[in-house]
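Multiple structures are listed underneath, in C-alpha coordinates.
Shared between the two complexes below is chain A, which pairs with chain B and chain C, respectively.
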Partner chain A sequence: MTLAPGTRVKVRDDWPETRGPCHIRTPHYLRGETGTVVRHLGDFPNPEDLAFARPAARLPLYHVRFALPAIWPEPHAGDEILAEVFGPWLEEA
Partner chain B sequence: MTTLLEADTDRLLAAVRALLVQKGIATPEEIAERIESTDAASPALGARMVARAWVDPEFRALMLSDGARAAETLGIVMRGAPPLGVMECTEDTHVLVVCTLCSCYPRAVLGYPPYWYKSAAYRARAVREPRGLLAEFGTVLPEGTRIRLVDSTADYRWMVLPLRPPGTEDWDEDRLAAIVRAGDMIGVTQVHA
Partner chain C sequence: MEHDLPPEDRPHAMHDIGGVSRFMCEPVDPSPHTLTAFDREVDAIRQILGMKQVMSVDELRRGIEALPEADYHRLSYYQRWMLSITGTLVAKGVFTEAELAAALRDA
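Then we have the complex of A and B:
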(Lines of atoms letter the chains of each structure in order from A and count residues from 1; the text may use other names and numbers.)
(Lines give C-alpha, C1' and ligand atoms only; values in the text may rest on other atoms or scores of the structure.)
Protein backbone atom coordinates (compact mmCIF):
# COMPACT_ATOMS: atom_id res chain seq x y z
CA MET A 1 0.00 0.00 0.00
CA THR A 2 1.34 3.41 -0.95
CA LEU A 3 0.49 6.46 1.13
CA ALA A 4 -1.31 9.10 -0.92
CA PRO A 5 -0.15 12.73 -1.03
CA GLY A 6 -1.86 14.70 1.74
CA THR A 7 -1.95 11.78 4.20
CA ARG A 8 -1.18 12.89 7.75
CA VAL A 9 1.56 10.72 9.20
CA LYS A 10 3.48 10.37 12.43
CA VAL A 11 7.11 9.34 12.44
CA ARG A 12 7.58 6.39 14.80
CA ASP A 13 9.11 7.46 18.11
CA ASP A 14 11.57 4.60 17.94
CA TRP A 15 15.24 4.60 18.93
CA PRO A 16 16.94 1.50 17.46
CA GLU A 17 20.34 2.98 18.36
CA THR A 18 19.55 2.23 22.02
CA ARG A 19 19.22 -1.47 21.15
CA GLY A 20 22.44 -2.07 19.24
CA PRO A 21 24.41 -1.27 16.09
CA CYS A 22 22.23 0.17 13.34
CA HIS A 23 22.16 2.55 10.40
CA ILE A 24 19.05 4.70 10.17
CA ARG A 25 18.13 7.49 7.79
CA THR A 26 15.39 8.97 9.99
CA PRO A 27 16.82 11.99 11.84
CA HIS A 28 16.42 12.21 15.63
CA TYR A 29 14.59 15.53 15.46
CA LEU A 30 11.73 14.07 13.40
CA ARG A 31 10.96 11.02 15.52
CA GLY A 32 7.54 11.29 17.08
CA GLU A 33 6.66 14.31 14.91
CA THR A 34 3.58 14.58 12.73
CA GLY A 35 3.73 15.67 9.11
CA THR A 36 2.06 15.37 5.71
CA VAL A 37 3.02 13.13 2.79
CA VAL A 38 4.00 15.29 -0.20
CA ARG A 39 4.69 12.46 -2.60
CA HIS A 40 6.00 8.93 -3.03
CA LEU A 41 9.56 9.35 -4.34
CA GLY A 42 9.96 5.73 -5.42
CA ASP A 43 11.05 2.47 -3.83
CA PHE A 44 14.64 2.05 -2.64
CA PRO A 45 16.59 -0.76 -0.89
CA ASN A 46 16.32 -0.50 2.88
CA PRO A 47 19.48 1.33 4.03
CA GLU A 48 19.19 -0.31 7.47
CA ASP A 49 20.03 -3.65 5.81
CA LEU A 50 22.29 -2.35 3.03
CA ALA A 51 24.66 -0.87 5.61
CA PHE A 52 25.28 -4.33 7.04
CA ALA A 53 25.46 -6.10 3.64
CA ARG A 54 22.21 -7.92 4.38
CA PRO A 55 19.65 -8.60 1.63
CA ALA A 56 17.66 -5.35 1.44
CA ALA A 57 13.98 -5.18 0.51
CA ARG A 58 12.86 -2.21 -1.56
CA LEU A 59 10.76 0.12 0.58
CA PRO A 60 8.58 3.06 -0.38
CA LEU A 61 10.33 6.38 0.24
CA TYR A 62 8.19 9.45 0.87
CA HIS A 63 8.82 13.15 0.85
CA VAL A 64 7.16 14.32 4.06
CA ARG A 65 6.49 17.94 5.06
CA PHE A 66 6.72 19.09 8.69
CA ALA A 67 6.07 22.54 10.17
CA LEU A 68 9.43 23.78 11.48
CA PRO A 69 8.11 25.92 14.37
CA ALA A 70 6.46 22.80 15.80
CA ILE A 71 9.90 21.24 16.15
CA TRP A 72 12.07 24.23 17.18
CA PRO A 73 11.25 27.66 18.55
CA GLU A 74 13.49 29.76 16.26
CA PRO A 75 11.88 29.33 12.82
CA HIS A 76 9.02 31.61 11.73
CA ALA A 77 5.41 30.61 11.18
CA GLY A 78 5.07 29.03 7.75
CA ASP A 79 8.62 27.66 7.64
CA GLU A 80 8.67 24.00 6.79
CA ILE A 81 10.97 21.08 6.34
CA LEU A 82 10.83 18.36 3.72
CA ALA A 83 12.57 15.09 4.52
CA GLU A 84 12.75 11.69 2.86
CA VAL A 85 11.30 9.06 5.20
CA PHE A 86 10.93 5.32 4.53
CA GLY A 87 7.44 3.79 4.79
CA PRO A 88 8.06 1.56 7.83
CA TRP A 89 8.93 4.66 9.87
CA LEU A 90 5.51 6.22 9.21
CA GLU A 91 2.13 5.51 10.75
CA GLU A 92 -1.10 7.24 9.79
CA ALA A 93 -1.81 10.06 12.22
CA MET B 1 46.19 -3.62 14.83
CA THR B 2 45.73 -0.37 12.90
CA THR B 3 42.24 1.03 13.07
CA LEU B 4 40.51 2.37 9.97
CA LEU B 5 41.03 5.96 11.15
CA GLU B 6 44.78 5.49 11.55
CA ALA B 7 45.26 3.69 8.23
CA ASP B 8 47.31 5.18 5.42
CA THR B 9 44.57 6.54 3.16
CA ASP B 10 46.32 5.74 -0.13
CA ARG B 11 46.78 2.11 0.90
CA LEU B 12 43.22 1.95 2.19
CA LEU B 13 41.93 3.30 -1.14
CA ALA B 14 44.04 0.80 -3.10
CA ALA B 15 42.70 -2.04 -0.92
CA VAL B 16 39.07 -0.98 -1.39
CA ARG B 17 39.53 -0.62 -5.16
CA ALA B 18 41.12 -4.08 -5.33
CA LEU B 19 38.26 -5.58 -3.32
CA LEU B 20 35.63 -3.95 -5.57
CA VAL B 21 37.27 -5.61 -8.56
CA GLN B 22 37.93 -8.97 -6.84
CA LYS B 23 34.31 -9.23 -5.71
CA GLY B 24 33.04 -8.31 -9.15
CA ILE B 25 31.24 -5.18 -7.90
CA ALA B 26 32.94 -2.85 -10.37
CA THR B 27 35.60 -3.15 -13.09
CA PRO B 28 38.78 -1.03 -12.95
CA GLU B 29 37.45 0.84 -16.01
CA GLU B 30 34.15 1.65 -14.25
CA ILE B 31 36.01 2.91 -11.18
CA ALA B 32 38.29 5.10 -13.31
CA GLU B 33 35.31 6.43 -15.27
CA ARG B 34 33.45 7.36 -12.07
CA ILE B 35 36.48 9.11 -10.58
CA GLU B 36 36.89 11.04 -13.82
CA SER B 37 33.24 12.16 -13.98
CA THR B 38 33.22 13.06 -10.26
CA ASP B 39 36.37 15.15 -10.64
CA ALA B 40 35.01 16.80 -13.78
CA ALA B 41 31.67 17.82 -12.24
CA SER B 42 31.45 21.41 -11.00
CA PRO B 43 28.83 24.04 -10.15
CA ALA B 44 29.10 25.18 -13.79
CA LEU B 45 26.93 22.18 -14.72
CA GLY B 46 24.16 23.09 -12.31
CA ALA B 47 24.46 26.73 -13.40
CA ARG B 48 23.80 25.70 -17.01
CA MET B 49 20.63 23.90 -15.90
CA VAL B 50 19.48 26.95 -13.93
CA ALA B 51 20.14 29.33 -16.83
CA ARG B 52 18.29 27.04 -19.25
CA ALA B 53 15.32 26.80 -16.85
CA TRP B 54 15.16 30.62 -16.68
CA VAL B 55 14.85 30.96 -20.46
CA ASP B 56 12.99 27.77 -21.39
CA PRO B 57 9.69 27.01 -19.57
CA GLU B 58 9.54 23.49 -21.00
CA PHE B 59 13.00 22.67 -19.64
CA ARG B 60 12.04 24.25 -16.34
CA ALA B 61 9.01 21.95 -16.04
CA LEU B 62 11.14 18.89 -16.84
CA MET B 63 13.83 19.97 -14.36
CA LEU B 64 11.31 20.32 -11.54
CA SER B 65 9.68 16.95 -12.27
CA ASP B 66 12.82 14.90 -13.07
CA GLY B 67 16.13 16.64 -12.43
CA ALA B 68 18.27 13.77 -13.71
CA ARG B 69 16.50 13.61 -17.08
CA ALA B 70 16.77 17.38 -17.43
CA ALA B 71 20.52 17.18 -16.71
CA GLU B 72 20.93 14.43 -19.29
CA THR B 73 19.30 16.53 -22.00
CA LEU B 74 22.19 19.00 -21.48
CA GLY B 75 24.72 16.18 -21.84
CA ILE B 76 25.50 15.91 -18.11
CA VAL B 77 26.46 12.32 -17.17
CA MET B 78 23.94 10.99 -14.64
CA ARG B 79 24.51 7.26 -15.12
CA GLY B 80 24.96 5.62 -11.74
CA ALA B 81 24.18 8.86 -9.90
CA PRO B 82 21.34 9.00 -7.33
CA PRO B 83 18.02 10.53 -8.46
CA LEU B 84 18.17 14.32 -8.64
CA GLY B 85 15.35 16.41 -7.22
CA VAL B 86 15.06 20.14 -7.90
CA MET B 87 13.15 22.56 -5.65
CA GLU B 88 12.38 26.05 -6.88
CA CYS B 89 12.55 29.31 -4.96
CA THR B 90 9.53 31.53 -5.52
CA GLU B 91 8.72 35.11 -4.51
CA ASP B 92 7.33 33.91 -1.17
CA THR B 93 9.35 30.73 -0.52
CA HIS B 94 13.10 30.34 -0.13
CA VAL B 95 14.57 26.82 -0.41
CA LEU B 96 17.62 25.70 1.56
CA VAL B 97 19.24 22.25 1.27
CA VAL B 98 21.06 20.44 4.06
CA CYS B 99 21.99 16.86 4.90
CA THR B 100 21.68 16.69 8.68
CA LEU B 101 22.71 13.02 8.81
CA CYS B 102 25.92 13.21 6.77
CA SER B 103 26.89 15.09 3.62
CA CYS B 104 24.56 14.04 0.76
CA TYR B 105 25.13 16.51 -2.08
CA PRO B 106 24.19 16.54 -5.78
CA ARG B 107 27.78 15.97 -6.90
CA ALA B 108 26.82 14.99 -10.45
CA VAL B 109 25.65 18.56 -11.12
CA LEU B 110 27.50 20.63 -8.46
CA GLY B 111 30.80 18.78 -8.02
CA TYR B 112 32.41 18.44 -4.60
CA PRO B 113 30.56 20.17 -1.74
CA PRO B 114 31.98 23.33 -0.13
CA TYR B 115 33.90 22.51 3.07
CA TRP B 116 31.26 24.02 5.36
CA TYR B 117 28.44 21.89 3.89
CA LYS B 118 29.70 18.87 5.83
CA SER B 119 30.31 20.77 9.09
CA ALA B 120 28.28 19.90 12.16
CA ALA B 121 27.53 23.61 12.62
CA TYR B 122 25.95 24.04 9.18
CA ARG B 123 23.98 20.81 9.46
CA ALA B 124 22.59 21.65 12.90
CA ARG B 125 21.91 25.34 12.35
CA ALA B 126 20.22 24.93 8.97
CA VAL B 127 17.29 23.15 10.59
CA ARG B 128 17.34 24.91 13.93
CA GLU B 129 17.90 28.57 13.03
CA PRO B 130 18.00 28.89 9.24
CA ARG B 131 17.65 32.71 9.22
CA GLY B 132 20.65 33.24 11.49
CA LEU B 133 22.65 30.91 9.27
CA LEU B 134 21.52 32.66 6.07
CA ALA B 135 22.43 36.06 7.53
CA GLU B 136 26.02 34.87 7.95
CA PHE B 137 26.08 34.18 4.22
CA GLY B 138 24.78 37.73 3.67
CA THR B 139 21.30 36.51 2.76
CA VAL B 140 18.45 38.43 4.36
CA LEU B 141 15.01 37.33 3.20
CA PRO B 142 12.20 39.86 2.82
CA GLU B 143 9.69 39.92 5.69
CA GLY B 144 7.04 37.28 5.11
CA THR B 145 9.22 34.94 3.04
CA ARG B 146 8.90 31.42 4.33
CA ILE B 147 11.74 28.92 4.36
CA ARG B 148 11.37 25.47 2.84
CA LEU B 149 14.20 23.41 4.20
CA VAL B 150 15.08 20.22 2.35
CA ASP B 151 16.84 17.67 4.55
CA SER B 152 18.55 15.23 2.20
CA THR B 153 17.98 12.18 4.39
CA ALA B 154 17.91 9.27 1.93
CA ASP B 155 18.28 8.32 -1.74
CA TYR B 156 17.61 11.62 -3.52
CA ARG B 157 20.05 14.45 -4.01
CA TRP B 158 18.56 17.94 -4.04
CA MET B 159 19.44 21.19 -5.73
CA VAL B 160 17.76 24.58 -5.67
CA LEU B 161 16.43 26.42 -8.70
CA PRO B 162 17.06 30.00 -7.51
CA LEU B 163 15.07 33.09 -8.48
CA ARG B 164 16.22 34.89 -11.61
CA PRO B 165 17.50 38.27 -10.48
CA PRO B 166 15.83 41.44 -11.75
CA GLY B 167 17.67 43.36 -14.46
CA THR B 168 18.60 40.23 -16.42
CA GLU B 169 15.56 40.13 -18.71
CA ASP B 170 17.58 40.59 -21.91
CA TRP B 171 20.55 38.41 -20.89
CA ASP B 172 21.34 35.28 -22.89
CA GLU B 173 21.80 31.83 -21.38
CA ASP B 174 25.61 31.92 -21.15
CA ARG B 175 25.61 35.27 -19.40
CA LEU B 176 22.97 34.02 -16.96
CA ALA B 177 24.89 30.79 -16.25
CA ALA B 178 27.99 32.82 -15.39
CA ILE B 179 26.35 34.50 -12.38
CA VAL B 180 24.99 31.32 -10.72
CA ARG B 181 27.19 30.00 -7.92
CA ALA B 182 27.17 26.77 -5.89
CA GLY B 183 25.73 28.57 -2.83
CA ASP B 184 22.74 29.76 -4.89
CA MET B 185 21.95 26.13 -5.76
CA ILE B 186 22.25 25.04 -2.11
CA GLY B 187 20.13 28.01 -1.07
CA VAL B 188 22.55 29.80 1.28
CA THR B 189 22.75 32.73 -1.16
CA GLN B 190 20.58 34.29 -3.84
CA VAL B 191 21.67 35.12 -7.37
CA HIS B 192 22.67 38.73 -7.97
CA ALA B 193 23.10 40.34 -11.37
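Then we have the complex of A and C:
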Protein backbone atom coordinates (compact mmCIF):
# COMPACT_ATOMS: atom_id res chain seq x y z
CA MET A 1 0.00 0.00 0.00
CA THR A 2 1.31 3.43 -0.92
CA LEU A 3 0.75 6.33 1.47
CA ALA A 4 -1.12 9.21 -0.16
CA PRO A 5 0.12 12.81 -0.03
CA GLY A 6 -1.26 14.53 3.04
CA THR A 7 -1.24 11.38 5.19
CA ARG A 8 -0.11 12.10 8.75
CA VAL A 9 2.64 9.68 9.70
CA LYS A 10 4.77 8.92 12.73
CA VAL A 11 8.38 7.79 12.32
CA ARG A 12 9.03 4.63 14.33
CA ASP A 13 10.85 5.32 17.61
CA ASP A 14 13.22 2.45 16.88
CA TRP A 15 16.97 2.33 17.52
CA PRO A 16 18.64 -0.50 15.56
CA GLU A 17 21.98 1.13 16.49
CA THR A 18 21.53 -0.35 19.97
CA ARG A 19 21.16 -3.90 18.61
CA GLY A 20 24.30 -4.36 16.53
CA PRO A 21 25.86 -3.48 13.15
CA CYS A 22 23.42 -1.66 10.89
CA HIS A 23 23.08 1.03 8.23
CA ILE A 24 20.12 3.30 8.90
CA ARG A 25 19.04 6.13 6.62
CA THR A 26 16.41 7.56 9.00
CA PRO A 27 18.10 10.33 11.02
CA HIS A 28 17.92 10.04 14.79
CA TYR A 29 16.18 13.40 15.18
CA LEU A 30 13.11 12.20 13.23
CA ARG A 31 12.51 9.00 15.23
CA GLY A 32 9.21 9.22 17.07
CA GLU A 33 8.25 12.48 15.30
CA THR A 34 5.02 13.07 13.39
CA GLY A 35 4.97 14.60 9.91
CA THR A 36 3.00 14.72 6.67
CA VAL A 37 3.61 12.72 3.48
CA VAL A 38 4.39 15.11 0.61
CA ARG A 39 4.79 12.54 -2.13
CA HIS A 40 5.85 8.99 -3.00
CA LEU A 41 9.26 9.30 -4.70
CA GLY A 42 9.30 5.76 -6.12
CA ASP A 43 10.36 2.32 -4.92
CA PHE A 44 14.04 1.61 -4.23
CA PRO A 45 16.07 -1.37 -2.92
CA ASN A 46 16.34 -1.25 0.86
CA PRO A 47 19.73 0.35 1.69
CA GLU A 48 19.68 -1.38 5.10
CA ASP A 49 20.20 -4.66 3.19
CA LEU A 50 22.32 -3.30 0.31
CA ALA A 51 24.82 -2.08 2.89
CA PHE A 52 25.52 -5.71 3.83
CA ALA A 53 25.34 -7.04 0.23
CA ARG A 54 22.11 -8.88 1.13
CA PRO A 55 19.18 -9.32 -1.27
CA ALA A 56 17.18 -6.10 -0.95
CA ALA A 57 13.42 -5.71 -1.35
CA ARG A 58 12.19 -2.60 -3.17
CA LEU A 59 10.53 -0.28 -0.67
CA PRO A 60 8.46 2.88 -1.16
CA LEU A 61 10.41 6.06 -0.41
CA TYR A 62 8.56 9.21 0.63
CA HIS A 63 9.21 12.87 1.06
CA VAL A 64 7.87 13.65 4.53
CA ARG A 65 7.53 17.20 5.88
CA PHE A 66 8.08 17.94 9.58
CA ALA A 67 7.40 21.19 11.37
CA LEU A 68 10.80 22.22 12.65
CA PRO A 69 9.92 23.59 16.10
CA ALA A 70 9.18 20.10 17.40
CA ILE A 71 12.59 18.81 16.37
CA TRP A 72 15.31 21.42 16.26
CA PRO A 73 16.43 23.88 18.94
CA GLU A 74 16.29 27.60 18.13
CA PRO A 75 13.76 27.34 15.29
CA HIS A 76 12.52 30.25 13.22
CA ALA A 77 8.79 30.61 12.57
CA GLY A 78 7.71 28.54 9.59
CA ASP A 79 10.88 26.42 9.47
CA GLU A 80 10.35 22.84 8.39
CA ILE A 81 12.35 19.73 7.51
CA LEU A 82 11.75 17.76 4.32
CA ALA A 83 13.25 14.28 4.61
CA GLU A 84 13.34 11.10 2.54
CA VAL A 85 11.99 8.23 4.65
CA PHE A 86 11.39 4.61 3.63
CA GLY A 87 7.90 3.17 4.12
CA PRO A 88 8.70 0.61 6.85
CA TRP A 89 9.86 3.47 9.10
CA LEU A 90 6.42 5.13 8.91
CA GLU A 91 3.13 4.34 10.60
CA GLU A 92 -0.10 6.26 10.12
CA ALA A 93 -0.49 8.80 12.91
CA MET B 1 11.47 6.82 24.83
CA GLU B 2 14.74 7.80 23.17
CA HIS B 3 13.24 10.58 21.05
CA ASP B 4 12.39 12.50 24.23
CA LEU B 5 16.09 12.62 25.13
CA PRO B 6 18.24 15.58 24.06
CA PRO B 7 20.03 14.81 20.75
CA GLU B 8 23.36 14.24 22.53
CA ASP B 9 21.89 11.49 24.67
CA ARG B 10 20.11 9.50 21.95
CA PRO B 11 21.85 6.29 20.87
CA HIS B 12 22.60 7.74 17.43
CA ALA B 13 25.46 6.64 15.20
CA MET B 14 28.53 8.89 15.06
CA HIS B 15 27.78 10.12 11.51
CA ASP B 16 24.14 10.94 12.39
CA ILE B 17 24.98 14.34 13.87
CA GLY B 18 21.99 16.52 12.92
CA GLY B 19 20.90 18.63 15.89
CA VAL B 20 23.77 17.46 18.11
CA SER B 21 24.96 20.66 19.79
CA ARG B 22 28.59 19.58 19.94
CA PHE B 23 28.71 19.97 16.15
CA MET B 24 26.31 22.90 15.89
CA CYS B 25 28.86 24.99 17.80
CA GLU B 26 31.70 24.21 15.38
CA PRO B 27 32.29 26.52 12.42
CA VAL B 28 31.69 25.00 8.98
CA ASP B 29 34.14 25.71 6.15
CA PRO B 30 31.90 26.26 3.11
CA SER B 31 34.71 27.05 0.65
CA PRO B 32 35.17 24.65 -2.30
CA HIS B 33 37.79 21.99 -1.64
CA THR B 34 40.36 21.19 -4.31
CA LEU B 35 40.44 17.48 -5.08
CA THR B 36 43.86 15.87 -4.76
CA ALA B 37 45.18 13.13 -7.04
CA PHE B 38 44.51 10.72 -4.17
CA ASP B 39 40.89 11.90 -3.91
CA ARG B 40 40.31 11.40 -7.65
CA GLU B 41 41.91 7.97 -7.61
CA VAL B 42 39.81 6.77 -4.67
CA ASP B 43 36.66 8.06 -6.35
CA ALA B 44 37.58 6.27 -9.59
CA ILE B 45 38.26 3.00 -7.74
CA ARG B 46 34.85 3.20 -6.05
CA GLN B 47 33.14 3.80 -9.38
CA ILE B 48 34.89 0.81 -10.97
CA LEU B 49 33.98 -1.42 -8.00
CA GLY B 50 30.36 -0.32 -8.38
CA MET B 51 30.27 -0.85 -12.15
CA LYS B 52 31.76 -4.32 -11.74
CA GLN B 53 29.29 -5.02 -8.93
CA VAL B 54 32.05 -5.84 -6.47
CA MET B 55 30.95 -3.26 -3.89
CA SER B 56 27.97 -0.92 -3.67
CA VAL B 57 27.85 2.66 -2.45
CA ASP B 58 25.69 1.41 0.44
CA GLU B 59 28.50 -0.92 1.52
CA LEU B 60 30.88 2.03 1.24
CA ARG B 61 28.70 4.06 3.60
CA ARG B 62 28.33 1.23 6.09
CA GLY B 63 32.11 0.77 6.13
CA ILE B 64 32.62 4.48 6.79
CA GLU B 65 30.08 4.40 9.61
CA ALA B 66 31.92 1.42 11.15
CA LEU B 67 35.28 3.23 11.40
CA PRO B 68 36.56 3.89 14.92
CA GLU B 69 35.11 7.25 15.98
CA ALA B 70 38.51 8.89 16.51
CA ASP B 71 39.57 7.87 12.97
CA TYR B 72 36.25 9.03 11.52
CA HIS B 73 36.76 12.58 12.80
CA ARG B 74 40.51 12.67 12.04
CA LEU B 75 40.48 11.37 8.46
CA SER B 76 39.67 13.28 5.29
CA TYR B 77 36.54 12.46 3.29
CA TYR B 78 38.37 10.25 0.77
CA GLN B 79 40.63 8.70 3.39
CA ARG B 80 37.44 7.41 5.01
CA TRP B 81 36.37 6.03 1.62
CA MET B 82 39.71 4.28 1.16
CA LEU B 83 39.56 2.57 4.56
CA SER B 84 35.97 1.51 3.94
CA ILE B 85 36.88 0.10 0.52
CA THR B 86 39.90 -1.86 1.73
CA GLY B 87 38.03 -3.13 4.81
CA THR B 88 35.05 -4.26 2.74
CA LEU B 89 37.19 -5.96 0.09
CA VAL B 90 39.18 -7.83 2.76
CA ALA B 91 35.92 -8.89 4.45
CA LYS B 92 34.58 -10.13 1.09
CA GLY B 93 37.76 -12.07 0.36
CA VAL B 94 38.73 -10.04 -2.72
CA PHE B 95 42.23 -9.81 -1.23
CA THR B 96 43.78 -10.57 2.14
CA GLU B 97 45.26 -8.24 4.76
CA ALA B 98 48.66 -9.73 3.92
CA GLU B 99 48.24 -9.02 0.20
CA LEU B 100 47.16 -5.45 1.01
CA ALA B 101 50.17 -4.95 3.28
CA ALA B 102 52.50 -6.34 0.63
CA ALA B 103 51.02 -4.09 -2.07
CA LEU B 104 51.43 -1.03 0.17
CA ARG B 105 55.04 -2.02 0.91
CA ASP B 106 55.81 -2.33 -2.80
CA ALA B 107 54.00 0.88 -3.77
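FYI, the second predicted complex is superposed on the first by the 93 of 93 C-alpha atoms of A that agree within 3 Å, B and C clash if a C-alpha of one lies under 4 Å from a C-alpha of the other, contacts with A are read in each partner's own complex, and residues count from 1 in each chain.
FYI, a contact is a pair of C-beta atoms (placed from the backbone, for glycine too) under 8 Å apart; a residue touches a chain by one contact, two chains touch by 3 or more.
All values reported here derive from a predicted model rather than from experimental measurement.
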Is A:G42 in contact with chain B, with chain C, with both, or with neither (first, second, both, neither)? first
With the two structures laid over each other on chain A, which partner does A:P27 touch: chain B (first), chain C (second), both, or neither? both
Where does A:W72 make contact in the superposed view: on chain B (first), on chain C (second), on both, or on neither? both
Given the touch rule stated above, what does A:D13 touch, chain B (first), chain C (second), both, or neither? second
Which of the two partners, first being chain B and second being chain C, lies in contact with A:F52: first, second, both, or neither? second
Chain A positions touched by chain B in one structure and by chain C in the second: 27, 29, 47, 71-72
Chain B-facing residues of chain A, complex: 25-27, 29, 41-42, 44, 47, 61, 68, 71-72, 74-76, 78-86
Counting only contacts in the complex, chain A reaches chain C at residues 13, 15, 17-18, 21, 23-24, 27-29, 31-33, 47, 50-53, 71-73
Residues of chain B touching chain A in the complex: 83, 85, 87, 100-101, 127-132, 146-156
Residues on chain C engaged by chain A in the complex (per definition of touch): 1-4, 7, 10-13, 16, 18-19, 21, 56, 58-59, 61-62, 65-66, 92
